[in-house]
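Below, each structure is written out as structure tokens.
Consider the two complexes below, in which chain A is the common component and chain B and chain C are the respective partners.
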Partner chain A sequence: MKVGIVATYSTKYELRSEKEAWELIDEVVQGLLRSVEKGVGKGDIDLVITSSFSDRFGGILHTAPYVASKVGASKGFRVENACASGGTAIYLAWNMIRAGLARNVLIVGFEKMSYQPTSAEANEVLMAAGHPEEVVAGVPFVSLYALIAKAYMDRYGVTEEDLALVAVKNHENGLRNPLAAMRRKVTVEDVMRSPYVSWPLKLYDCSLVSDGAVALLVSGEPKKFTDTPVYIEGIGLAHDTAGIFERDDITALKAISAAAREAFNASGLTVRDVDVLEVHDAFTVSELIAYEMLGLAQRGEGVKILKEGITAFTGSKPVNPSGGLKSKGHPIGATGVGMAAELFWQLRGEAGERQVKGAERGLMENHGGTGSTAVVAIFSR
Partner chain B sequence: MKVGIVATYSTKYELRSEKEAWELIDEVVQGLLRSVEKGVGKGDIDLVITSSFSDRFGGILHTAPYVASKVGASKGFRVENACASGGTAIYLAWNMIRAGLARNVLIVGFEKMSYQPTSAEANEVLMAAGHPEEVVAGVPFVSLYALIAKAYMDRYGVTEEDLALVAVKNHENGLRNPLAAMRRKVTVEDVMRSPYVSWPLKLYDCSLVSDGAVALLVSGEPKKFTDTPVYIEGIGLAHDTAGIFERDDITALKAISAAAREAFNASGLTVRDVDVLEVHDAFTVSELIAYEMLGLAQRGEGVKILKEGITAFTGSKPVNPSGGLKSKGHPIGATGVGMAAELFWQLRGEAGERQVKGAERGLMENHGGTGSTAVVAIFSR
Partner chain C sequence: MFWKLITYTELYTPVPPYKSTYAIGVAEDEKGNRVIVRIDRKYFGRLRTGILGEVSEEWTVFGKIRKFTPVGLEEPVKVALVTGGARGIGAAIALELARAGYSIAIADLSYDQEAEKTLNSLRSTGTNAIFVAMDVSNRESVERGVKEVVDKLGRLNVLVNNAGITRDSYLQRMNPEDWEAVIKVNLTGAFHCSKASVPYMIRSGGGVIVNISSIVGILGNIGQANYAASKAGLIGLTYTLAKELAPYGIRVVAVAPGFVKTRMALAVPKSILRDYIRRSPIARLIEPEEVAKLVRHIVENEALNGIVIPIDLGLGIGSPKA
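Let's look at the complex of A and B:
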């Protein structure tokens, strides 16, 4: 059975939306229903999966019946796997449809991070994605990634300027995306001049605390809704240890390679077969490690392929044409869903100025915590 | 394929546990692993589902990889459906195992409600389970149930004393349960003298803000782990509207009857076939309405069967021998999992002083919000 994405709708991602969390949900549910080309009938949607991180971002829980009653679905639930919540929702939708547990699944990912008045407070909420001992120790998430970055830089001779190149590329891409929260060109000098958040990571090495929501309709009968679905060819989900202190090698994010293996096996495709990628650049270093875990580069050669322009918008494997989490934004529960939305548009040739020419297959990589959960999926038109 | 519960472990429920949320999780995961009669091998558990309501109760999120790494599972996610989160986890486990998406699922439900310093603050968190417009209006959850109670009392001539009888029965049952958070006998007079929380509901009409965790191992190959599994014969999940203001009749909790229908259809059994029930008595009135939605009583006759002693510990259909949410406690994400644990012990004849004699089949009913989500399951030994 071919499972396809048949429609999607996204809010603009914003640093501070004027809308409340449920208004963001309303916007994307209504937007999605309007955008289904052949229409959605009563009873068509039989399962709702919502995806969000924390009710400290938005003040609402129990969102499944809220969404379900808007679309006439009788069943639903919310999933949470930190920043991989959206990917987890897609993983469950694909598997449940193929197993006959659902026909048409509406996924709604959202996060209203500006519900916390300051980014210091938002970062306190984000800490909850770590291992409990990291939470107790009060380690901010950026500091866990700073440890990863430092180990990676030491082992492979990577510099802060090298990391900055990821930010430069993704901010350049974001300039072409009207949905991006921060459409601002940045140079290596801008990144280098930005203040340290947790050495060696600076402000511009970090993705954006932001607000947004994305809806996705995943179907086991895709041609019923559109003549041009985007198929999910395979998807994988895997865990690593919850804490980085439990790992032999913190420069690897092994859950990504495990999830990729599952997606590659299910689809019979590999990273060589894809034309465009959306990758979880929560921090600049994460994108480089993701290249390596996905098999796009050898270990330690992430910077090399970046410098060669392979992952640039005009390269052979463009990564994050949307601007990524760096420029588009990272409203946690929406992020994975938004990656699939971007690939839906890319593979249907609807990505406007940021369209990757002739893209036929795409890959998304969405991870949570310090890579304690990862989801990788391959899509085709 | 017969799917069975093969082991369970529960903390004592407490008004204020000395343990942090992750310590409650650790306790039940270790306790469960020790209690599996034929042992658990490396790689046996292939999926973890955690269940909790809010990170404002406990400060941690992304609990799936934390649990998964303790038991060697490579996949997991957390589900949330308000107070029906635990039931939702069981619903997904049963369906995913039967569909071949998992073999052995470890469910861990938990909530550390005393993480909020006062019950007023805990109640603010609980509000998030309502419809967003109810949340914005600042309606405490007990007030939504007070509206339901008032409408129910008016329509069926039910008195506050009648409601009190539910509390009296369940507190009496809780006296026999060493896991119960509040082992205190209460009389109708005690209930009537307790202060109004939201008229007509008084303090003793309400379940307990409490801490606890429960682990459950659900298996598609139950005899591998124990000679005496408790089978899940059928399970259903259904939504109603998110807000009670959207309903024609607020004296009914229609999701319960819809979920029961699904469970009855799947099992070929009905409420007539069960010997013991655990029912979601978040408020006294909820238990009475649940009787009616499950078909245990005609509409409006919940009080009648209660007064006849049918649902008493010694009656023909004992409801909440555990003490229920009223006396045992209601640590949100653990509650539904704890109901299944109680029925596991009851059907294996391991319920000690509170053992319902000769119980062969049991039913659990777990609902969330104002019945916006409900899960009903039937178990057999």
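Let's look at the complex of A and C:
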């Protein structure tokens, strides 16, 4: 059975939205229903999956019945897998449809991170997604990634300027995306001048604390809703250890390669077959490691392919044409859903100024925590 | 048994509820066991991959954590910057901190005989001392000067905002230029110096800012609207920065001296000084060295933060302490 995405709708991601979390949800549910080309009938949507990280980012829980009642669905639940919550929702939808447990699943991912008054307090909320020993030791995510970055720089001779190139690329891409929270060109010098948050990572190495919501309609009968669905060819989900200190190789994010293997096996495709990628650049270093885990680059050569322009907008494997988490934003529960939305538009040729020419297959990589959970999916038109 | 640090990061942005900066690392023992460790911020700038240390358990209200203490790291000499340090109270503070083992930078408008004399007496204690030309009322000048201190002495741990001027007259005769000049040096100067110094202090694992206010900032004084307002402003600055900067390990304290025997005080007409002494329970002027000893105590006593300490021979007894 072919499972496809048949419609999507996203709010603009913002650093501080005027809307409450439920208003963001309302906007994307209404927006999605309007955008289904052949319309949605009463009772068509039989399952709702909401994706959000914390009620401390929006003040609401138990959102599935709230959404279900708006679309006439009678079943649903919320998933939380840290920053991979959105990817996890898609993974569940795909598997439940294929198992015959649902036909048409409405996914709503959202987060209103500005519900916390400061980014320091937002980071306190995020910190709970670490290993308990990391939480007790007071290690925020930026520090966990800084530990990974330092080990990666030590081993492969990567510099802070090299990491900055990821931010430069993704901010340049974000300029073309009207949904991006921070549409601002940055230079290597801008990144290098930005203050250290957790050395060696600086402010501009980090993705954006932001607000946003995305809705996605995933169907086991896609042609019922549109003539041009985007098919989910395969999807994988995998865990790594919860704590980075438990890993033999701190510079690897092994859950990404495990999830990718599962997605490649299910689809019969490899990374060579994809034309466009959205990967989880929560921090600059994570995009480089993701290249290597997905097989785009050899270990330690993430920077090489970045410098060669392979992952640039005009390269042979454009990564994060949306601007990524770095420029588009990272409203946690919405992020993975938003990646799928971007690939839906890209593969249907609807991405406007940021359209990757002739894109037929796309890959999303969405990970949570320090890569303790990863979801990789492959889409085709 | 020693543990090896296999990766580390210095966290400069405090996250609640811990509200503190520190380093974090992953340490490995000989058997290859790995643990996440916290490392005191006093080691900022000195950690390296592969260094050895001891791992101990520490109880905190959040739970038990492991601490990594490096072995064999050399203690760096701490550095103090004293604005207006060429003469008067500033020179006395510089000398007292030099005796406490600090490398010293004295900052003043220009290098003159008094600056040379102060530098010589600082160097006679065996300390490393430099002069930095700085106009505290000018942001660029301050940024340049503070950078010069760090470039030449390696770090910055203590800032004493001491530079100050007077332009006394009664309100009805005080022209706006005299008001502004005093505010610009005494209050805005402390703002510029603090702002320029704090990033270096954070990266040194903390520090101390001592603002030299005045008892007239608490009590007010006839003929000193500008000076008293600037010194009262320093008290507000002290309270605010003490709250803002505590998580970074930076303490901020003000001292409020009465009349100190310096050229600035002795320029006051004798009749006014005599009247002042008549009102003071201890009938004399304060020695600059007495203020300097208090500043040294503030620098050394890590429990002092966000307070204004009058050193006034009892002049302000019964008055609110700001």
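One rule holds in what follows: the second predicted complex is superposed on the first by the 381 of 381 C-alpha atoms of A that agree within 3 Å, B and C clash if a C-alpha of one lies under 4 Å from a C-alpha of the other, contacts with A are read in each partner's own complex, and residues count from 1 in each chain.
Keep this in mind: a residue touches a chain if its C-beta (ideal position, glycine included) is under 8 Å from a C-beta of that chain, and two chains touch if they have at least 3 such contacts.
On a predicted model such as this, the values are computed, not experimentally measured, just so you know.
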item	value
First, second, both or neither for A:Asp55, with chain B first and chain C second	first
First, second, both or neither for A:Gly138, with chain B first and chain C second	second
Partner chain in contact with A:Met192 - chain B first, chain C second, else both or neither	neither
Touch count on chain A, higher of chain B and chain C	B
Partner chain(s) touched by A:Glu246 [first = chain B, second = chain C, both, neither]	both
First, second, both or neither for A:Leu147, with chain B first and chain C second	second
Partner chain(s) touched by A:Thr88 [first = chain B, second = chain C, both, neither]	first
Chain B/chain C common contact set on chain A	131, 136, 246
Residue numbers on chain B that touch chain A, as the complex places them	20-22, 53-56, 59-62, 64-66, 68-69, 73-82, 88, 92, 95-96, 99-101, 125, 128-132, 135-136, 237-242, 246, 258, 368-369, 372-373
Residue numbers on chain C that touch chain A, as the complex places them	6-18, 20, 22, 24-26, 34-38, 49, 60, 62-66, 199, 203
Chain A to chain C touching residues, read off their complex	120-121, 123-124, 127, 131, 133-134, 136-140, 142-143, 146-151, 154, 195-201, 243-246, 250
